Structure formats: C-alpha cells, structure tokens
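Next, two complexes with subunit A in common: one pairs it with subunit B, the other with subunit C.
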Partner chain A sequence: MNCCIEKNGTVTVVVLPGETLDANNSKEFRASVDPVLNENDRVLFDMAGMRFVDSSGCGALLSCLRTLATRGGDLKLCNVSKPVRVLFELIRMHRIVDIFNTRDDAIRSFGD
Partner chain B sequence: MTDTRSRCAQPPAARAVGSAEKTTQARLKVLVAGHDPSVVRTLEKTIVSQGHEVAKFLDSDRARERCGEEFFPLLLLDRHMVPVDGLEFCRALRTGPRGAEREILIVTADDSAETAHAILAAGADDFLSKSWPPDLLDARLALAGQRAAVKAMGGEIGAQGPIGRAFADGVAQQAVEESLALVEQVKREWESTADSLPQLVCLLDDQGRIIRANRTSEAWGLRAVTEVRGVALHDLFHPECRTPACYMADVWRKARTITAKQKTAEWEVEDTTLGRWFHVEFRPIKKRLDGRTVVARSATVAIFEDITERKLLEMELARAREQEIEIGSKIQQSLLIGEPPRDLPGLTVAAMSIASQKIDGDFYTFFRPNETTLDVIVGDVMGKGVPAALIGAATKNHFLGAMSHLMTRAAGGALPEPREIVAHVHAEMAERLIQLDSFVTLCYARLDLEQNRIVYVDCGHPRTFHFKRSRAECVPIEGINMPLGFTPDESYDQVVVPFERGDAFLFYSDGVIEAGQTWGNLFGQERLSEFFIENSTVPPSELIERIRTAVIDHAGSSDFSDDLTCIAVRVDEARAAATRPTLLEITSDLGELEKVRAFVRSFYNDQEDWDQGEEEEFELELSVNEAVANIIKHAYGGEPGHPISIDAQRSDGRIVFSLFHKGKAFDPDTAPPPLFDGSRDSGYGLYIINQNMDQVTYTQEHKGRCLIRLVKDRRKSRKERD
Partner chain C sequence: MKTVIIATGENPEMAALTERRPVPLLPLVDRPFVEHIVVHLAGRGLREIDFLLSHMPEKFEALLGDGSRWGARFAFHLARDAARPFRTLKALRLADSDEPILLGFADRLPPIEDADRLPPIEDADRLPPIEDAAPRPAPTAFCWRRTDRPRSETADGAIGRDDSSAGTSGIGTIGAVTGACAATFAPTATLSPTAAAPAGTERSELEWTGWAIVTGRDIDRLPDDLDERGFEDYILSRAAEEGRVAEIGRPLALRSYGDLIEIHRRVLNREFDSITPAPSETGAGIWLSRGLSIHPTARLIAPVYIGENCRIAIGAQIGPGAFVGDNCMLDARCQVVDTVIAPGSYVGEALDLDGVIVDQNRLINTRLGADLVVPDNFILGSVWEDTLRRKSVNVIRRLLVAFLLAVVWPLLAATALGLKMGRTGPVVFRRKAVRLPARHERSLWETYDLLSFLPDHRRARSWIGDLFLNFLPGLINVVRGDLSLVGLPARGPDEIAPLPEEWREFYLSCRAGLVNESDVIFDETPTGEEAFAAEVYYSVKMGVVYDLKLLARYAARVLMMQRRGRRGERSA
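Right, the complex of A and B next:
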C-alpha cells in the first residue's frame, strides 16, 4: 500500500490510499504508514477519497495517533466524508482527534 | 419371652378360682381404723359378712404400726382419727411400699363435694359416708372388695376396665393367659416379618445408636443381631472407618434434624466403602398414640434398602439413552432435514426444525423438478428415538427414489403427480412399516407457478394452512388419506387449490400445535392460524422466527417433548425476475468484505419504494460489514475458507439481514463494553452494530448453524425518534 506523502512546512500530509479502510486492509495500512509516523511529528491524514471506514479502520487511525502522541507529536484528519464522520462521532473519536473540513484548515491549526 | 411361654404351659390358676362358686371371692385381710367404736363395729360386720377378715384399730398409730408388718389389700380409714387423721394416713400408705396395690377408702360423716375432693386428692380410691343406709354401704364395700382382690392379684390392672371386671367375675385369668399368648404370637410374627424384609431395619435411640436391628444386618455381613445394641449406625456399616467426614455420619446428622421435626428423611446414597448404593429412610417414631403418651426408647427407625442393582441399571440405561439421543440427533440433522431452496424465482421459502430431547423423526425435504415447480414434503414418523429417525430417513429416501423412478418411466419426462409419488412410496414401504408397527404422517405439496395452484396429498398430517391474501384469511387444506403404512391397501387422492400472488402456505408438525405445559393449554391450530394471519406480510424467515419465539413463549421452555418443524412458503407479489439476488454466499476471508458491502448497497438500492438515504445506506453497510468481520475473526477464529451466507429480506417497514455461519456461537452478553478513550484499537464493532440497527439477535439453529439477525425497523426507528 503506497501512501502519497506531501510536505507542507512542518506538516506532513498523507493522502490515504484507496476508498476503504476496513478489517481487510487496516493492518497493511498501519504498517505502511509507520515510517512516516516515526520520522514526522505533525501528521495530517487527508481522507478525501475514503468512502468507507469500519471499526478496524478506526482502530488503525487511533493506533497512529498513539504512536505520535507518545513522542509529543500530533495527528489530525481532514476531508472526512459525512457518514464516516458520523461514525467517528458515534465512537467519540472526534474528541480525541481533531477533524477538519479542508486540508488548509487543518494545516493552519498546527500553527508554528 | 421364655417366662411367658412357661406361664402359658401351666394350668391356669384362675380357672380353679373361676370354677368355684361365683360369689365366693378371695378372702381379703381388711384393716379398719376409726375413732368411733360403733362405726368401726358396723364396718367390721359388713366386711365379715362379705367373707373377709378384719383387723380393727381405734387409733391411727397402732394401725400404721400393723401396716408395716402386714400387707392389707383393703383399708377403711376414718377421716377423723388421732394422732394422724385418715387423709394423712392414706397419703403415707400410697407413697409407701406397694402403695398402689392397696384399695383405700375414707370413712366420713361429711359427704360434701369439697370433702370428697379432698379425699380423692389424698389418694383414696373411694369414700364411705356414715349417713348412708346399710344396703348402700354393703354394696359399696362389696365393690371395694372386688377392686382390692383384683389389685392384689394383678397389680396395676384397672378394676374398672374390662380385665378388672373380668377378674372380679372370676373368669378373667384364662382370658389374660390367652391374650398373653396372643401378644407373644404377634410379637414373633412381627419379628419374623422384620427378619424376612430385604431392607435393613434399625431402631435407633436419640443418639443414633442401635436398639434393635433385623437379621438383614447378618445377611449383609455387618453384625449379628445380638451384637448391634448400642452400636452407632456409622460403626455398623463402617467398623474400620475413622473419617469424621464419612457420609454415613453425615446422613445421621441430617436425619436427626429432620426427624426431630417429626418428618421423614430419605436419600439415595452411594457407599463407596461397601461399593453399594442404598436408599436410606429415617422415620421418627410417634410418641403419641390415640392421645396417650407412649414411652418409647427408640427415637427413629432407619430403613436401608440395597438399590445397587437398580442404580447400576439406571446408570447404564441413562448412558444408552444419551447415546441414542445423540445418534438420533445426528441422524435428524444430517438425513432428515433438507435445505430450503433460496433462489427460487417466485417463491420464498423458510424452514426450521428444532430437535426435541426425544428424537421424533420429523423430516422435510424439497424437490425442484423444474423451474416453476416446488415440491414440499413434510413428515412425522410415529414413535421416537433412533428407530423413528431411521424410518424418517428411509421415507425421505424413498420419495427421492420414487420421483426419479416415475420420471424416467413417464413419457417425455412428464412430471409424475403427487398422488402417484405417494402411492409409489406407500407401495414400497407400507408392508415394512406395518411390520415395524410404525406409520408416517406426511403431506406432499406441489406448488405450481405455471398454473398458480397447489396440488396436495395429505396422509394424516396436521392440516397445512393456506393464507389467502385477497381475503386476508387462513384456510386449512383438507385431506382424507390415512398415514403411510397405516393400512396395506390405501389409495391416495390429491386436492388442487388455486393460489394468487401474495398467498402463503404454512406446513408444520404436531410439535408446534401441541407445545404447551398442559393438555388444556396447547398452542393449538387456531392460535397458529391466527398468528399466521397476523404475521402474513413478514418474510417467511421472519414468520418462522416469530412462530418459534411464540411457541417457546407459550410453552415456557425451549425443551420440547416433540420435534418442532415449521415451513413457510410465500408466493411472491411479482415474479421478480429483474430483482437481484437477495442471498450472498462467501467464505470466511476478510477480502470478501468488499463483496459484502456491495451486496448490501445493491440490495438497499433495489428497494425503490423505500425512502433511501446516504447515511442509512452507510449504517447498513457498516453494520453488516462489522458483523461479518466478527464472524470471520471470532466465530471462525480467523481461519479462512468457512461458509458465511447473508440473506437480505424486506417487508413493509423493515430490512432484515440474516447472517448464517457454522462457527462458534457468540453470546453478546460476554463482550466487554467499548472504551472511548483512544487507548484501544478494537471493541467497537458490536457497539456500532447495536447503535445502527434496531434489533440484533444471535441464535443457534440446527446443524450447529448460527444466525445473526440485523433488523432495520423503520417504524420502530421513527417511533423512537419521535
């Protein structure tokens, strides 16, 4: 699984690959994104193409957040589709991860 | 008892007395004491005239002195005497040696009730009033003489009782001897009865020590009956045992508390020391009989019955029975039940069969002779257990054989009529069934979608219900044929009933209508038909599920005495050739999740009259996705290649996804609640499903198949939103 990575100042933007993040590919995703999390402190996941996320996908995202947080880094999300956002709210993920409508809003929120 | 016997052997002494002149009595020595010489004199005369001897005294001191030297069976004491008055004298005599053997009368001038009371309270037997006329005095003295004679002879025997009177009449001695002999005989009869009992009978005192035991003690090699006295019950059985926690000691402790409440205690116990099983019973011995207190040394009677043989047989039988049920259950699951067709255009079919504890031989099967025909066969073998299950399997096989046999013989592959098929099976099986003393009730129904009719052969099976949508009524399909194998020459008739789109049929076994706790409270055909009408619009799988729940509710248990078989067939509204399949079959591989979601989306999008929404679509997709992921990860432990099928159904306000798998059953109550603090990567699946669906049930069906039902109930959701 190849993630498309863009640097924007101090923020590393990862465009999540594919349309789904589910029990089938969440482990693979988690492994492929691991180097990015180890080398960067400020990470933004752009979920623009992500149509479907299930509980395993949510678990993988939370795992990424924990990895960064233990090092003092931070993970934010943007371009989350409405149904996926409803799911995040259902399992209270929005209280733990900052979620933004656009990539710019998210990058701005990291500040300097 | 030896002395009783020798007494019997002697010539009865009383007979000599009785044979003498009747009025003559034993000559008694009578003591008369009083301060008034004329009174003493009158009494003396009367007594002498009655044939007795008199010793008379005018003061109590000398009279008492004489009493110490000689025994007087009858004493007449004046109430007023010096130095000791009559009442005190009387009391002293009563409490002295042989006090109860004397007849004591007090002589008084005052015969008021109060005086009489004082006299009797002093222990006197009667009183004589100085104011009485001589003839009354004479009569009373004569009676006193008789009583004194009886007392002298028989100690405590009551003078007023039948024996006392008999003695007085002089004929009683023989009767006494006879009754003593009778007592001895009865006692010996009782003893030999007790000795011939197979049970060990022990009389116990209140400490659990043996007072007596019957000879079974010897027969069981425990102790001689002469050596059991004073032995504790435990020591009789286990003389070597030093375990304080020995069950036998425990049994006595429990028995004592129960018998102390005047109740009987009984148990079946296994004696591992002796390698035997006993039925043990402890009964309290009644201390009161006919309102009188009986002084018994024994407190409890303990009865031990050796039930080892019975117990071993029982255990063997239970093992055999268990094995038979297991075999029968396997036969039923593998041979008796056919899978309902799921992809038949125009018909929706659902079936269930719950095996009872005693296998019944319920069976059903489906044939699809062509694209527009479905044959349903539902049967029930008379009898239970493995034989019934085997007959059921054989019958099912015979139908398959009959079908192919008749089809190959028929010109141009024409379909044989149901009546021909049943007749063919009957011809092949009837004789064997009659030999086996069994028969089979069944119905053979052919649903013909070409001609929109059902062709039906009934063989004594509970009536199939036909729900007619146009009239919203439920009509039983009647048949008149006898069960298969009931009589050797039965001819089979079929009935033809037209149906319309939206009609439905309900086949069932008697286990459904006979479920209930009592005969007066069975589920019944009427209730079933009403239930069918009420639930006529729900999909067949849902209808079957509701019937199952209703029957369990009614019976108050899911352990049925009969197998429960139920098949629902719905004639679809429109022959929906255009609709996409509502069944998806996959294997337990996470890579299949994409396919599952596509199936859910396409099913949802096919519901054109359903007010659809992006969020609801996602909720369904997500819920089914989560449930399937759980099946793969937990029910199948992550092993790939196992079957999972998903059946989607839609009724008015409901969308139902039924997920079937054969993995480990899941109990939602055992799952921990999710944590929302971000510390965990998993544990949200169930929560997500429960939040998004209106009803989620987990059931275990036959053949180890598990069902997870996810229901989106729009009516319910709306209600809750309101």
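Right, the complex of A and C next:
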C-alpha cells in the first residue's frame, strides 16, 4: 500500500490511498506507515479518499495512535468523508483522536 | 457575522439525563433547547453557524442537518475533550483577526433581542481610546444582573448598582472577573457612575450569559488548556480591558437539574417572551398539543404544558408547573406539580411527583439532587419499550438455538465423553459472566455461569477446536437466555469494572455472544486497541444481517480447518 507522504513544517501528512481500510488491507497499511510513525512525532492522516472503514481499520488507526503516544507524539485525522465520520462519531473515535474537517485546521492544531 | 456555538453536550452535574442525549438536546416545551437558539439566531439574520461538538455529535447533526431548514448553513466540528474544547476552537480559522464572531454556549439562551439596544460593534466612537489610530473591533461580553444576594457591607467597587431591574442597558462592574476591585469603563452617554449601596440592602452583580462577541484575534490568543471557567474569565477580562460589557436580560440556562424545571416555569409563565410554545394556549397558562386523550375527571392547573399523543388517566392532577413531553402516559390519580416529564415516559398510578424530573424509569429529585433508577415499570417506565415484541423475538431466537442444540446434541455428548476419558478432573468449566445489556451500576449486574470444556475458557488452538470446546457447550447458555449466538465477548464483573469508561459504556449497552467480531476478524489474539475497536464497531453495527455475516465467517473458518494465530506469529 503506497501512502503519499508530505511534509508541512513539523507535521508529516500521510494521505491514505484507496477507498477502504478493512480486514483485507489493514495489516498492509500498518506495515507501510510504521516507518513514518517511528521517525516523526507529529503525524496527520488525510482520509479524503476513504469511504469505508471496518473494525480492523479502526484498530489499525488506534494502534498508530498508541505507537506515537508512547513516544510522546500525536496523531490527528482530517478530511474524513461523511460515511466514515458517521461511524467515527458513533464509536466515539473523536474522543480518542482529534478529527478535523480540513487539513489546515488540523495542522494549526499541532501548534508551533 | 459568523456564529460559533459551543455544544460539547456534557455536564457532569446532569449525568443522569445525558445518558441518552446531550444537554442542549433536552426539551424546552415543544423542541430541543438548542433548536430554540438556532431559531433565534436565524430569525436575526445570523445564518452561518459553526457548532463545536463532543458528546453524541451524531444526535446534533441528525437534529440540525445542514441548516437549510432555517435558511442557514451549519458546520460541525469535533472536540476531543468535552470539558476543554477551546484548544479545538483555537485551531479553527473561523474568521480573520479583526472580524467579529458571535460566540456562545448551547446550554444558555440569552434574550438576544436586547442586543439591539447595544451600540454596534463597528461604532468606533464608543470604543475606549487605544494606542494606534486605527480603531479595532473590541470584544463584548453579554451579562445579566443577578439581584438575589443580600448585601453585607460595601467593598471597593465589588458591588454594582442597587438597581435591581434586570434588563437595563448599560455597563456595570464585574465582580466575577476582578475580585474585590471593580473594572470600570468609560461611561457612555446613557450611564451614570456606579454608586456604592448602603449595607443591608440587596446586592446586585453582573454574571456572564455565556455569550459574547469576540474577534478572531481574541480566539487566537486563547491560552491553552482552558476549561469553561477559565474561558469565562478570559472573555470577561478581554471585554473589561479592551472592549465592553453589555447588560441584557436574564438568559434561560440549562446547567443543572433544577434549571430544567426553572426554564419551563419561566416560559410557561411568559417570562421569556421570545419563546412561545407551538401548541395553542387553550386556557390561561394551559398549552395542549394534538392527539391527546385526557379523562374528563383529570384536573389541569396552570401553568401546564402537555405534549403530543399523551394520555392522562382518571383523576390525575397535572400542574401547577407541569411540563409533560410527547407520548407520555400518566396513570390514574397521579399528581404532577412543578415537574418535568421527558418524552416517552410512563407515570404509574397514584404517584405524587413534586419538584422532580422523570425520564422514563429514572427519577431525579431536584431539591435533594438525588437520582435513582426505578426498575419496576409499573411505577415509572418507558412508553416506547416494546416489551412484548422484544420478549417474543428473544423466545424465537432461543427456540431456534434449542433446535440447533437438539441436532448437535450427539456431538456435544461425544465431546464430553471423550474429554472425560482423556483427562482427569472436571470436564465442564464454569465462569461467572455478566448478563448483558446491563445498567451502569455494578450492584444491578446479574451474573450467570458460562459453560466451556476448556479450563479458564481460554482460546482453542484451532477453529474446529473452538467449535467443540467453547461453542457447543455455550449453546446451553444461549438456550437459557444468558447470551446470544453473536455478540461481544462474555466478561465477569471484575473484567468489566477496569475497562475505560467509554469502552464500558459501549459494552454494557450491547449483548454478549458466543461468536465475537474480535475473534472472527482478527486472526491472532487482538491487541487492546483491536479489541476495543471490534467491540464498539459491533455495538453500532449489530443486527440480524451483520450477525449472519459474522456467523458465516465463523463457519467458514471452521470448515476450512483454519488454525487460530497467536500474537507474535504475525509478520512484522
């Protein structure tokens, strides 16, 4: 799974590819972002293209958050599509991970 | 002018009422509280509204939609911490630094009409002098005058005017911000200087309504990690230093249980003119909605409001000061005085309710600050709970599983016999598990003995092993009605109590089952995050179709004779 990685100041933006993050590709996703999580403290997942996330996808995102948190880093999400946002709100993902409507808001939230 | 409404929805002091909905969605007569705010704002031409949400945001979004109902445009932002949402507010670039923003809390509704009497924020002549020549918009904090405290002796400017008439426009002192010292302002043409009142007379003090006009710069300068009290101090100090404090009428506030009764009393007594209940007033102080069935011997004593499709039985006395939500049933000879009854509630025969809130089977005494859950539906209950249908579905499920058990009974017996011959000690192991769904209070948890052929109910090494050693004996529990075929993993009381609060909340509201999402989806033993994600995901997805999908996946793993992975065997 090839994730597009961009740098915006001190924030590393990872654009999640594809439309789904589920049991079929969550392991592959985790493997591909592990190096980014290990090398950066401020990571933002841009989920603009994502249309479906299942429990293994949610588990992978939470696992990424834990990886960063144990090193004192932070993970945020942005550009979450409506169907995925509905799911995240229902499972209270927004109480665990910061979710922003736009990339700019998310980057600003990291502060200086 | 853009509007920002902070609607994080949580209030620890009203926890009993916020299990099912956030505070601003509590009803105020004929609609949720926040809807009154939206109607007011849209009616005044404020049609671009951003909401900052945290607790149950999906309920806000379902109620308000995109704002087109009111000719407005809504945007919703999510705050991780309901108690400290201001860090998120700061990250949102809602306006340029000098652009004014109307900002307020969704649990307070000020009489916004009073704002018309204020000088417009663009009126530079009335601004306090500042260093640079170019006038800037200044923050305005809307306050109301509280006059219910007795004076002792005059402190240095800590006490405002002794004019107790709320709603007078003007500028006063803010004891809450500056402590003992008054923050005085350049008086406008309409003001007279504050006079110290003699001791022993009533004291008045300005309190913030929770609404203010701020600028983008004020939000950019917000200190980090503020709670609501810190935010209030910040806004008032900004207004005191660089802007103004504007006195308006007393707001409707929904910040405690008592407030819920109080705001209904004020509206039904017409003390807040800008809210008029939609149903017509059939008598002085009596509002009756449509679809009612009221026994001729029932007495209605004003002020009283009765929502749609309610039934009031023989000899009931409703009021004074009674608000009855939609779809309620008040049984014979009950008395309801100074009480709010939430929609869908049943009030039993001959109950005497005074100064309480009833939310289906929850009773909150606002005077004592106590709340309790009444388990007996004949006393207090839910009108909507379709007990008969739920029980029927349950019975049918159990009959189907009983049939399945009858078919696989020889396999179960053969497994038990084989284990008896192959091992010493017990064949069947029992583990205490909590029957779900369950209430939050641990004292109300019921337990049962979950059966398994494996000691400690541990995971079998293969799926077919799981079928024979866990699934088959567990069918007996399903037939008994202890758990379902598909659901969350069964846990005992000591396993549930340490779960994080959010996780525990989801877990207790769902049902337990032999086949779990986490087992089927995650090949190896799931990590903590995966287990949590699986359980909360299942709790929102569960239903007949989804359960069948999980069962099919389980069956596929069994038929393909797959081995269950262990953590650590996964490739890096």
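By definition in this document, the second predicted complex is superposed on the first by the 112 of 112 C-alpha atoms of A that agree within 3 Å, B and C clash if a C-alpha of one lies under 4 Å from a C-alpha of the other, contacts with A are read in each partner's own complex, and residues count from 1 in each chain.
We take it that a residue touches a chain if its C-beta (ideal position, glycine included) is under 8 Å from a C-beta of that chain, and two chains touch if they have at least 3 such contacts.
What you are looking at is a predicted structure, and each value in this text was computed from that prediction instead of being measured.
Once the two complexes are overlaid on the shared chain, A:R66 sits against subunit B and subunit C alike.
When both complexes are overlaid on chain A, the residue A:T20 reaches subunit B alone and has no touch with subunit C. Residue contacts after overlaying the shared chain place A:A31 against subunit C, while subunit B stays out of touching range.
Within the superposed three-chain model, A:F100 lies in touch with subunit C and out of touch with subunit B [touch as defined at top]. When the two structures are aligned on the shared chain, A:L87 is found in touch with subunit B and with subunit C.
In the superposition on chain A, A:R108 makes contact with subunit C only, not with subunit B. Contacts of A:D54 after superposition: both subunit B and subunit C are touched.
Within subunit A, the residues touching subunit B in one complex and subunit C in the other are 23, 54-56, 58-59, 62-63, 65-66, 86-87, 90-92, 95-97. In the complex of the two chains, the subunit C residues touching subunit A come out as 54, 57-58, 61, 75, 77-82, 87-88, 90-93, 224, 502, 506, 517-518, 521-522, 526-527, 529-530, 532-534, 536-540, 570, 572. For subunit A in complex with subunit B, the touching residues are 20, 22-24, 52, 54-56, 58-60, 62-63, 65-66, 82-84, 86-87, 90-93, 95-97. On the subunit B side of its complex with subunit A, the touching residues are 590-591, 593-594, 597, 614-615, 618-619, 621-622, 625-626, 629, 632-633, 674, 676-682, 684-685, 687-688, 691-692.
Residue ranges of subunit A in contact with subunit C, taken from their complex: 23, 27, 31, 54-56, 58-59, 62-63, 65-66, 86-87, 89-92, 94-101, 104-106, 108-109, 111.
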